[in-house]
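Multiple structures are listed underneath, in structure tokens.
Look for chain A in each of the two complexes below; its partner is chain B in the first and chain C in the second.
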Partner chain A sequence: MRRIAAAFLVLLLGTATPALAGEELVLIVSTRSDVDQLDSSLVRKLFLGLTVTHHGNRLRPVLNEADSAIKELFLQNIVSMSDSTYDRYLLRLSLLQGRTQPTVYRNNAELINAVAADPTVVGYVWARDVAHDPRIKILRVVWHD
Partner chain B sequence: MARLNATFTNFVTVCVVAIHLVLLPALYFGVGYVIRKSHEDLFVHHARTFARVLADEFEVGAAFDSPAKTSDLLDLAVIHGEALYAELMNGDRSVRSALGSPDITEARRTDLSFATGGDDLYFVVLPIEHAGQSAELRVGFDERPTKERIQLALNRMLFLLAVYLGTAIAAAAYLSNRLSRPIRRLQDVSRSIASGNYAQALQVNTGIRELHDLATDLEAMRRELVGVNDRLRQQILEKEISESSRDELQKQLRHRQRLETVGTLAGGIAHEFNNVLVPIILFTEAAMQDLPRDSTSRGDLERVMTSARRARNVVQKILTFSHVLGDTALAPTDLRSVVGESITLFAALAPPSIEIRTEIDSDVPLVRADATLAGDVIVNLCTNAYQAMQGRNGVLTVGLKNSPPHVELSVTDTGHGMDQATVDRIFEPFFTTRPVGQGTGLGLAVVHGIVESFGAAIAVETRPGAGTTFRILFPIIKDDGRSGGTAPSN
Partner chain C sequence: MRQAFLFGFPSPRLIARPRGLSTWWRAALAAVSISFAGHSALAQHQHSSSEFEVFVAAEGLAGHGQPHPRYDDPWFDADVIFGFTHGQFRVFGEYFITGDEHDLERFQVGYEVVPDTVLWLGRFHQPASAWDTEHHHGRYLQTAITRPAIENWEDEQGLIPQHITGALVESRRPIGKEAGVQISGGVGAGPVLIGQQNEPIDLVGSNPGKHGLSFTGRLAYLPDYVGTSSAGLLFGHDQLFARTPLALAALRSDHANLTIYGAYADWGVDAWRFIGAAYYVDVALDRPNPNESFMSGYLQVERQLPHRLTAFGRIEDSARMQESRYVALLDGHTTDIDITIRREAVGLRWDYARRQALTVEFDHEVSLSEHGYEARLQWSAAIP
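Showing the complex of A and B:
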């Protein structure tokens, strides 16, 4: 019974995770933003809710949950936490320090529009989704296959 | 229709088992999922954090500067972490910890969730930037300890659920047995009552209110049924007694009608016979007066007179019997004086072998009777008693007792007594146990007729060889002159 359940779980996760061959996860900002580079520690601080400014402007992170692979890659390569730990961390940040939690987008287009509209917003998407978008500037590759 | 082959205990136990067979697997998989997710999440968080710390060390420290330092840091990652594989890829140059598992020849690309890849390894691949150079840190973590902890937790939970299931079944069996015991007790008592044992009380010793109330209600119902049953039994008994009494009354009525028929017939015959006897007696007396005293025919005429007088006595008795069955003029009568006169008359005729005793109360009230006929009754009964004791010594006891609402007149002898067949017929006219010619069979019939004309009752107590007692119950007269009390039945 346990083997069947484990096999079923593996099958379920296998089908839920999209194929990632040749993909790149990139950090993006608006082309109107004067941010050109963010090292990994600043990116991590930004998405952990700490204050990160650039030329006096405070940067605002947005979360992409358009698919599970993006979410897991973000958790592993940017904040280096598990899903539940990151959720608990944000909740604690919100309740104890009164900080605003990052806006969550479950649609890539909406997230890209939000980034393009605000020069202080920093997000992450698949590179192919913004390769030809003139409104978006890629800061760095977070992960590549 | 529901099957009736399951006991209460079995039913409850099977239900508990069935419910748990549905719920426990759901509980097992539900809790198992939570346990698994918790352990996996903890593992993933640990691996990612460890890899991040290692990557940070490469980015800000000096380990990136030389392959030896890189190798040392990677070795430390293997020694202090749970990593089985640690590698830093800098372009085409690769530095790999020699302490890692030799079975792992090449790092897989990054794993995004626990237990993927099928090799018990969780790979984290992080990009590193140091002094304008880009590299890639690849760390592989051993999933087996976490899997073992998960399996251990699941096994413990399975064991606990099995223990719980066993305990639940045992508890269900115990509780259902405790519930069914008073029900079985009620069932046994109900069956006992149904088989006719009404005295058994429907009581159970239980702390369960519903069962206690049920037993109380059933006991109330049993008591009501017992009461109804007793009442029905009493009514049936009364009905049987009533029917028996009615049969007895009908029997007495038929007997009286027969006596009246016989009395009417005998009275008519006696009257006509008396008309025949009168000239016989008169002319025989006249003939005897005309005959000389030494005539040889005088003796014949005297025998004719003797027979004629005996015939007249018989006729007189028949007429008396017939007369008392009709209307009799009754008056308040003091039976003490009647008894005294009758005993005096009878004592003069009784032989010395018969001892006559009287037991007369001093306060005997008046009764409605005819004194002459009452005297005939006493004399007839005494004569009957004397004949029962003839040839032997005996005691004749005449009693008169005030026994409200009656006066009891009794005549007791110590004679030979009678059997039941004789008793059944002693009041019939012309029934006698004496040889033909020695008794008319009218004495007790006349007594019975007289007693009934008084509204009194007569009873016989006798046994062969043990004497006989006749008891006559006269209703006592009330103050207004009417007979009081109920007329006694024979």
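Showing the complex of A and C:
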């Protein structure tokens, strides 16, 4: 039984890996933004709902739930929390101080447009989706295959 | 998640017409709002966002030695959280609804002076409570069904005043690369002592009686600046004036000055979480009555298990409550167990769906004159 389960797992991994082969998840802002870099602790703080400013401007995070792989990589590499823990964390912030939770986008194009339109917005997408977009600046690679 | 901000009072019948103190208070809030609206900082930040969450819970209770559900055991409750942020300016409220009550528990207008330092005006939960400042009225984010008796709200025969109307400063500053320190201080008008409870200022109702000064604070260490673990010291001082003949007769004093010293820890280690607090409460009465004091503390241990289960257990204990006239005044004098002086509780929570949980809890409680066993079953959720 264990062998069958192991074989199934290998099969699953085998089918999943090529889908992300060569992919990069990147942190993005508008080219109109004067933010050129954000270290990982500030990025984590930003997506955990605390205040992060740059030259007096408050940065605003947006969540990308366009596909489950992006969400999983965000949870693992940016906030270091499980899905349920992150959800409870954001609810807790609302309960403690009424802090607003990040806007969720379930469509890549809409998220990229939102980032491009507002120099204070920070988001994350697959690198290939913004590689030739002159409106978008890549701040850092969050994850790569 | 973020939503369009639409919130209004549901019906004129539900809210008493504002009178007395609330009138000047509403005027003050309006003035603050107008003055912030003209601040130059807001001109740079045009973004507005709003928040609307509802925490709901339904509970069933069975027991031996406690024939009637208490006031703090409503079969259904809803805790409505609403917030509005515009740049550094914030408005935030919490409206709690049960079958028996509906109160604007918190209403705060705030300004974030520097990142993570907010000055609030309004009615708030005093920061020297280890439990209430973390869980407030919503049940969903609280693992156990019951709260420790020493953390009870004023209308649940709570001994420590929990609602203050005035000014609150909350600040979080980094220490080194990861850690931080949290400083909170609040000052304002506290509750008044009526028959068998403390009654805080009602922002949308009348406020008879003399509300004394309360000031309260917390100094806490955060091992992770953005994390949820913390440990620290608590302090509070409340000047409570007795309003009713019953309160005057029971205390033999027209006031009680409470001074509270406490320490707490809320610490997560892997799948474990430890929440503990200890309070020493000094009660000063009119001379020649001698001052009195009592202590209370609790420790709750939680352990996350597979299948989204969380087991928990809590012990509560106290000292010298039986000798306190102040405690005796707030005790309900009914057949119910009211002010719990000792409790052991165990339970299990199952987060069976996103933002929904079922919890079962078994308690053994000892009050000033009785003891009893209770079993509770609760469904809780956060909407949306």
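Everything below uses one rule, namely that the second predicted complex is superposed on the first by the 127 of 145 C-alpha atoms of A that agree within 3 Å, B and C clash if a C-alpha of one lies under 4 Å from a C-alpha of the other, contacts with A are read in each partner's own complex, and residues count from 1 in each chain.
Convention: a contact is a pair of C-beta atoms (placed from the backbone, for glycine too) under 8 Å apart; a residue touches a chain by one contact, two chains touch by 3 or more.
Bear in mind the structure is a predicted one, so any value in this text is a computation, not a measurement.
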item	value
Touching partner for A:89 - first (chain B), second (chain C), both, neither	second
Contacts of A:80 with chain B and chain C, given as first, second, both or neither	first
Chain B versus chain C as contact partner of A:60, first or second or both or neither	second
First (chain B), second (chain C), both or neither touched by A:69	first
Partner chain(s) touched by A:108 [first = chain B, second = chain C, both, neither]	neither
Contacts of A:41 with chain B and chain C, given as first, second, both or neither	both
First, second, both or neither for A:52, with chain B first and chain C second	second
Those residues of chain A which chain B touches in one complex and chain C touches in the other	41, 44, 84
Residues of chain A defined as touching chain B within the complex	2, 5-6, 9-10, 13-14, 17, 20, 39-41, 44, 68-69, 72-73, 75-77, 80-85, 141-145
Chain B to chain A touching residues, read off their complex	29, 32, 37, 41-42, 44-45, 48-49, 51-52, 55-56, 59, 109-110, 112-113, 115-116, 124-127, 129, 154
Partner chain A, residues of chain C touching it in the complex	1-2, 44-45, 47, 49-51, 53, 55, 81-85, 87-88, 90-94, 108, 110, 112, 115-116, 118, 133-136, 138, 140-141, 170, 172, 177-178, 225-226, 228, 308, 351, 354-355, 382
Chain A - residues contacting chain C, complex	41, 44-45, 48, 50-53, 56-58, 60, 84, 87-89, 91-92, 94-104, 118, 120
